[in-house]
Amino acid sequence: AGRQLAADQINAAGGLLNGDTLTMVLADSQCDPKAGVDAGTKVVNVEQVVAIVGASCSGATNGMVQSVTIPAGVVAISDSATAPSITDLDDNDLVFRVAASDAYQGSALAQLAWNNGYRTLAMTYANDDYNAGLAGVFEVSFKALGGTITANQMHEPNKASYRSELSTLSGNGAEGLAIFAYYGGSGIAIMRNSLEAGLFEKFLAADGMFDQSVIDQIGADVLRENIMITQAASDYDDPSYLAFANAFEATGHSPQAPYAAHGYDATFLIALAIEKAGSTDRAAISAALREVANPPGVVIRPGEWAKAKAALAAGQDVNYEGAVGQNDFDDNGDVTGLFSVNVVGTDGKWTGDLIR
Amino acid sequence: MIDFINFYLIPGIVLGSIYALGAIGITLTFGILRFANFAHGEMMTLGAYLTLTMMWLTGWHPLVLLPVAMVLLALVAVGVDQVFYRPFRNSPAVVVVIASFGLMLMIRSVTQFSWGAQLQAFVPGIQRPTIFFDVLRLQPKHIIIITSAIVLMGIVHYLLTHTRIGKAMRAMSDSPELARLTGIDTELVIKATWILGAATAAAAGVFLAFDSHVSTMMGFQILLPTFAAAIVGGIGRPYGAMAGGLLIGITEELSSYPWIGDVPLLSPGYKAGVSFAIMVAVLIWRPSGLFRGRVF
Amino acid sequence: MLELDNLTKSFGGLQAVDNCSLKIASGRITGLIGPNGAGKTTIFNMIAGAMMPTSGRILFQGEDITGLPTHQMFHRGIVRTFQIPHEFGKLTVLENLMVVPADQTGEKLFLGLFSPGAVKRREAEVRKLAEETLEFLTLNHLRDELAENLSGGQKKLLELGRTMMTDAKLVLLDEPGAGVNPTLLKQLGNMIRRLKDERGYTFCIVEHDMDMIASLCDPVIVLNEGKVLTEGKMEDVRRNERVLDAYLGGGEEAA
Amino acid sequence: MTVLELDNVTGGYGETEILHGISLKVDPGEIVVIIGPNGAGKSTAMKSVFGLLNLHGGRVMLDDEDITNTPPEKVVRKGVCYVPQTGNIFPNLSVHENLEMGAYVRRDDFSGRLDDIYQIFPPLVEKRNQPAGTLSGGQRQMVAMGKALMLEPKILLLDEPSAGLSPKYRGEIFKVVRDINEAGTPILMVEQNAKQALGIADRGYILVDGQNRLDDTGKKLLANKEVAEMFLGGGSVPAKKTAARKTKPKARAKARGKSKQ
Amino acid sequence: MDQLYGYFLYGLSLLTFGGIYAMLTLGLNIQLGFTGLFNAGIAGFFVVGAYVSAILSTAESERHLGGFDWPIPASLVAAMLVSAVIGWAVARISIRLRADYLAIATLGIAEILRLTFKNETDLTNGARGVSYIPKPYENMPEPWNQILMAAVVLAIVAVLYFLLERARKSPWGRVMSAIRENEGSARAAGKDVDRLRVQAFVVGAAMMGLGGGMMAHYLKFIDPNAADPTTATFLVFVMLIVGGSGNNKGAILGAILMWTIWSATEIFTSMLPGDLAIRSAYVRVFLIGLMLQIMLQKFPDGLLPEKRLQSSDSR
C-alpha cells in the first residue's frame, strides 16, 4: 500500500521523465522460491518493468534475484527481505534493500533487553528463514552482553497449540520469553498459550509480531508493561517520516503498518533513479540508484517529487532521505536501519520510541 | 508430574478432541463416498467464520451459535456436493480427490476474500486457568471443549449404529450399487453423510477457534493430522476416528516432553511429523487401522 | 505330485481346514467336492500361496513349498483359477491372456526398453498362443473388448483360458462350471481332458456340477468341515451314505 | 393382467447395444425362467428392469405402470426384489446385517422372517456375526438369497441363484423358489442349471445375442430336442452350435453400427 | 519489439517450468497411471532431488554441507539415485497398502522428509535455503542462456517421453496395467507383484528427483518452501489428471498447460482495479480452483485419455 502511495504522488506531481505515468504491477511471490522466480519472470518480461520492488520474503527474493533479475539486469529493491544472506549476493549491483539486515535488529533487541534489566531469557523461534536468522543474531548478541539464555527452542509455525514447547521452555526459570515469529503464524498462539497456562508473563519480540491484532487478541491490559517489540522504524520526529506518515494516513492506512514505509521508499527511489538516468534503461537505473540515494545532493523527502524532478532537470545531484531513514546504500546495497521499541500505549495501540 | 498433566496431557486431550471431531467427517467421506476430502479443513474454517460473523451480529456466545453454524455449514456442504461432487459419482477416487483439492482452493479464497487474512478471535483477551487441588490447572473453555466433543461424538455414534440412515451409510460404503438394489436412496445417504460431516466440522472449527483464534488457514493447518487420526482409527469407523484423534493429539504433545533428561525427546520442529510417523507405523503394522476400518 | 500333510487353517475359532491330509496324483483329474464351506477354496488358496496355513505342510513333487509366495508357486507350475472371476478389467481380452506366460523378456523394464529383437519374437509367440486360446474358448470375437465388459460366464472362460497360457503342471480349477452354460461346460470338460492328454496337465477341480465331476474326475475326494470324508471313484462316492447326507442331499437327480 | 413385462426393450451399457429388442412377461403366480448362452444378455435384461442401463427403446411395465428408467431404489420400493449375479452381498457387513438390509424398505417388525431364513439356510446361523465377505462362495449365495427373501415382494428376480451351491442346497434353492411361488409370488429367474430350472418353471424364454429365440412352457422346452442340444448340454457338441456362435461377431458389429448413429 | 521479446522470454520460462513439472508428472504417471500407485508424496522426492543436486554442485559454503563442486549432470544423476534409494525404502514399507492408504502414507512421509530438510540445519542451512546453485549455460549471453536452459529441459522430457512410451507399449507396461487392474490375479499369473510395484515406484521417484534437481538448478536457490505440498504435490496431480492419467502425452500437456494457467492467471488478476488487485491473489486462487473443476467435469478422463493399445493395432 505504501508503494501505491508513492506511485500516486509521483504521477500527480508530473510523472516520470516526460510525463509518463509510473505504473505498478503486482505479482505474488507466495514466499516460495518457485513462485518468486515465476513472478519475477512475468514482471520482467511480460510487464517489462524497469525495476522491481520486492520480493518480500527472503526465500522468494533469493530465488528471484539469482535466477531472474540479476541475469536480466533488472534492479530489485526489496522492502522487507532481511536475511543476512542477501548482503553478500554476487549481484552486479542490482540487488538493494531498504530494510535493514536482521543482523542489526537482532542485536538491537538484545541490547534493549539488557538495558531493561533482563538477564535471563528463554527464547523460541519459528522455523522459517526470517525468524531463524533473527533469533540466531539475538542469541549471540544477548550472550555477548552477559545475558543467559535458559532455553532456546525452535518451533514449527502454524500448529494449533504450543503448550508443550512452552512448558519445556519455562523449565529453567527465565525472566521473560523472546519470541521470534510472525504474529499470525505462531506468535499470538504462543503468547496466548503461555499467558493462559501461566508460564510466561513478559515478552520480547521482533517486528514479525508488530501488529495491532496482537493487542486486540491478547488484551491491552495484560500486555501493558509486559511486552517490548522492536521494529524496523523511522525516526518519528524526522520530517521525512512525518511527510510520509501524514500523506499515508490521509489515504486511510496506518503508517506504522509493517514495511509500509519501506515499500514507499523503495518505490520512490526507483522513480528517482529513472528520472536521474533519464531513461527507463535498466542498466542506467542501477547506476543511478546509489547517486540519488546517497549524499551529497539536494535533500529530497517523501512527497517532494516535483522538487526532485526540478533539481534533476537542473542537473543537480539529489539525496533521498526516506521515511524509514537515510537510505544510504552501502557497497552491498544494504542500509543501516533504525529501530523503534514499541509498547502498549494507554489507548490500546502500539506506541513506539526510536532507539538511538 | 503435574506439569506433565497440565501442559502435555490436557492440551493433548483438547487438541485430540478437535482432531477427533474433524476426523469424523473425513472418515465418513472416505468410507462412504470413497475419497480423501481435502476441502474438509476449509469446512472447519468456514464453520468458525460463520460463527464469528453471527457473533458480530448477535453478540451471543459462540457455543450458543454453534448449532446454527452446524446447520448453515450442512447446507453449504449439501449445496457444494450437488454442484461440485455430484458429477463425479462414478469417477475414480483420484479424480474426486483432485476435485476436492480444487474446491479447497475455492472455499479458501472465498473465505479470505470475505473475511480478510487477518486473524480474529471469538473472545479477545486471555482466560486464566482455574486451579484445582492447588496444582491442576484447567481452563473452563477446555472443560467445555472436551465435554461438548464427547457429547457430539456420542450423538454421532448413536446415529450411525442405531438409525436406519446409519445402517444405510454402512451398506453404501460397502457397495453402492447393491445398496440401491436394496432400496436405499443413495443420494439421500450422501446428503446425510455431508450433513453429519459438516456439522462435526463446524464443531471442530468452532472449538479450535475457541481455544485459540480464527484464521483463514486454521482448518488446513490441522487437516493433515486430522487425516492421520482418521486413518489411525480405521476408515469408516467414527469411534475409531475419535480414538485416533485423541491418540494423535496426545502423542503430538508428548513427543516433546523431556522423557529423558531435560531436553525434549524430539525437537518440536518435528512435531508436525509425529502424527504422520504414527500413522505410517499404524498403516504398516495394521493397515485397516486400530479399529479395523474397511480395507479398499 | 501334490501332497497335503496335516494341513490346518483356522480363522479365529473356526477350523476351516482341519488337519487335512490328501494326495493328488500326477496326470489325473482329481475332483474335490464337498458342501459349501467345507474348505475347498481355502485349500486352493493355501496351495497357490495366497494364504498361509496355520500348520501343516504342502509338498509338491516331493519338495516342501509351504508358505511360498504366489508367484513362485506359479513358476513351479501351479496355476489356479478363481471362484469369483479375477479379470484384468481395463485390459482387452487378448491382453488378459498375453499377460500370463512366464519368461516374457519384455517384462523386464530394461529389456522391454532396449532389446526389441528378442522381445518381439517372444511377443509374437505369446500372441499366437493367446489367439489360439481365444479360438478354443470361442471368445475370438471379443478379443479387443475390455475384459470388464464380459458377461459372468465369459469371464469364467477367460479364467480357464489363463491356465492354458502357460506350461502348467498342476492346474487348480475353482468351480469352472458355475454360471457356465451347460453346452459350453461340456466343451470345457472336453478341453480339460484334452489338456490333460495332450499337455500332461494334472488337474484338481472343485465343482458342484456332478455331471461334470462324474464325467471327468477320477478319483474324487470329498471334503467335509475341513476334513477328508471319503475318497474314490465317483460311482462309489455317490453311494456313500455320509456323502449323500452332507453333500448330495435328496434333491440330486442322478445323471 | 401381467405383473412384469418387457416390451421390445433395446439398450446396453453406454454406447454399445446389448439388447436388440427383448420382450418377455411374467403373469401372476408364474415361475418364468430365462436361459441362453453366456453373454446372451440375460443379466442385462434383468438389469433393464431396474433402470441400470441405457435404454434406447421399448418399455418396462410393472402392473400396468410404466417403470422404464425408474431408478433402482424406487423400483425396489414398488415391490420388485432382485438378486444380482455378482456383487450381491455387502462384504463388510455381517451376515445378520446383510439379512437386515434386505428388509431395509420394510418398516414393520421382521424378526419372524429372519428366523425363517435361518431355518432355510442353517449354515448361516453360526456365521451370523461374521463379515459376509469372508464366507465361502456357496454361503455367500445363501446370504444373497436370504437377503432377497426378507421382503415379501410383488415379484422376485433371481440371477443364477443356484450358481456355486452344492447339489444339496441347489435342490433346496429350487424347493424354496417353488415354495415362495406357491405362496403367491411370481418369479423370474435366469438359470444355467436349465434342466432343473425348467423342471419347475411354468414358462421359459431362450435368449440369444440379445434377442428372443424361443419361448414356450417349461415342459415343452425341455422336450425340444434342439433346445436340449444347444442350451442344455445334451448330446454331443453340435456343429450347428458353433455356427450359431459364429454369427455373433456380425451381430455385435451391427449393434455397434446402430449405436453410433 | 521489446514486448514481443519479453513474451518470448516468458514463454521460455513457461516451457522450462512446465518441462520440469513434466518430469514430475511423467514420474507420477508411471506410478499412478501405469501401475495404480497413488503416491501423494511427490514433494518428498522432489525436495530430496533438489537438495542432493544443490549440495553436490555448489561451491564450499559455511552455511550448509557442500563444496563438492560437481558438474551439473553428475549431481543430477546423483539426485536421481538418492531419490530412487529413498523411493525404494518408502516403497518397501508401504507398497502393500491399498490405493488411498498409500496416498496418505506417502503424503505423511513426504512431510517428514520436508521437515527433515528444514530442521537439519547443518546439512541444508535449514529454512534459509541453499544459494548459488549453478544453472546450466548461465554464462551464455541473454537470451541464449534461457533458450538453452529450456532446450535442455525439453530434451530431457523428450527422452523420458520416448522411453516411457516404449515402456508402456512393451510387455512391461502390460504387466503394470495388469497389476493395477487386479493384483490377486497378477500374482496368480506368476508376477512378482511387490517387486514390480517397487520397481515402478522407484523409477517414478527417480524421475521426481530429477525434476527436483532441475528445479534447484533453474531457481539457483532452494529452500524447504519449494517443497510445499500444494505446489509440489497437488499441482502435479492436477496436471496429470487434467492431461490424462495413463497417457504420457497427456502428462506433458497437462504439466505445461496447467503451469501456464497457474502462472498466467496472475497477469490478468493483477489488472483488476484498485483494492481488488490487492486481494487478487485470492481471486486468482479461486479461478484456478474453478478452472480445475470445469476441466474435471468436462474432461473426466483428462484432455488426452488413456488409450490401451488395441491388440489389433499393433499387429
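Just so it is clear, A, B, C, D and E label the chains in written order, and each chain counts residues from 1 on its own.
Just so we're on the same page, contacts are C-beta pairs under 8 Å (C-beta built on N, C-alpha and C of every residue); 3 or more make two chains touch, one makes a residue touch a chain.
All figures in this text were calculated on a predicted structure; none of them were measured in a lab.
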Identity of the chain that, by mean CA position, is farthest from chain D: A
Farthest chain (mean CA position) relative to chain B: C
Centre distance in Å when chain D and chain E are each reduced to the mean of their C-alpha atoms: 50
Inter-centroid spacing, chain D versus chain B (mean Cα positions, whole Å): 44
Separation of chain A from chain E, taking each centre as the mean of its C-alpha atoms, in whole Å: 34
Of all residues in chain A, the ones touching two or more other chains: 127, 154, 156
Per-residue overlap in chain B, given as positions that touch at least 2 other chains: 267, 269-270, 272
Multi-partner residues of chain E (each touching 2 or more other chains): 115, 118-119, 284
Touching chain combinations (by label order): A-B, A-E, B-D, B-E, C-D, C-E
Residue ranges of chain E touching chain C (in the complex, touch as defined): 163, 166-167, 170-175, 177-178, 180-182, 184-193, 199, 203, 308, 310-312
Contacting residues of chain A [partner chain E, same complex]: 1, 25-28, 30-35, 37-39, 41-42, 44-48, 58-59, 62-63, 66-67, 71-72, 83, 85, 89-90, 127-129, 132-133, 154, 156
Residue numbers on chain E that touch chain B, as the complex places them: 32, 38, 93-94, 96-101, 103-105, 107-109, 111-112, 115-116, 118-119, 234, 237-238, 241, 245, 279, 282-286, 288-290, 292-293, 296-297, 300
Footprint of chain B on chain D - complex, ascending: 50, 52, 71-73, 76-77, 82, 84, 87-93, 97, 100-102, 104-105, 147
Complex interface listing, chain E residues touching chain A: 2-3, 5-10, 13, 17, 63, 115, 118-119, 121, 126-129, 131-132, 135, 138, 142, 145, 215, 218-223, 225-226, 228, 231, 263, 266-267, 270, 277-278, 280-281, 284
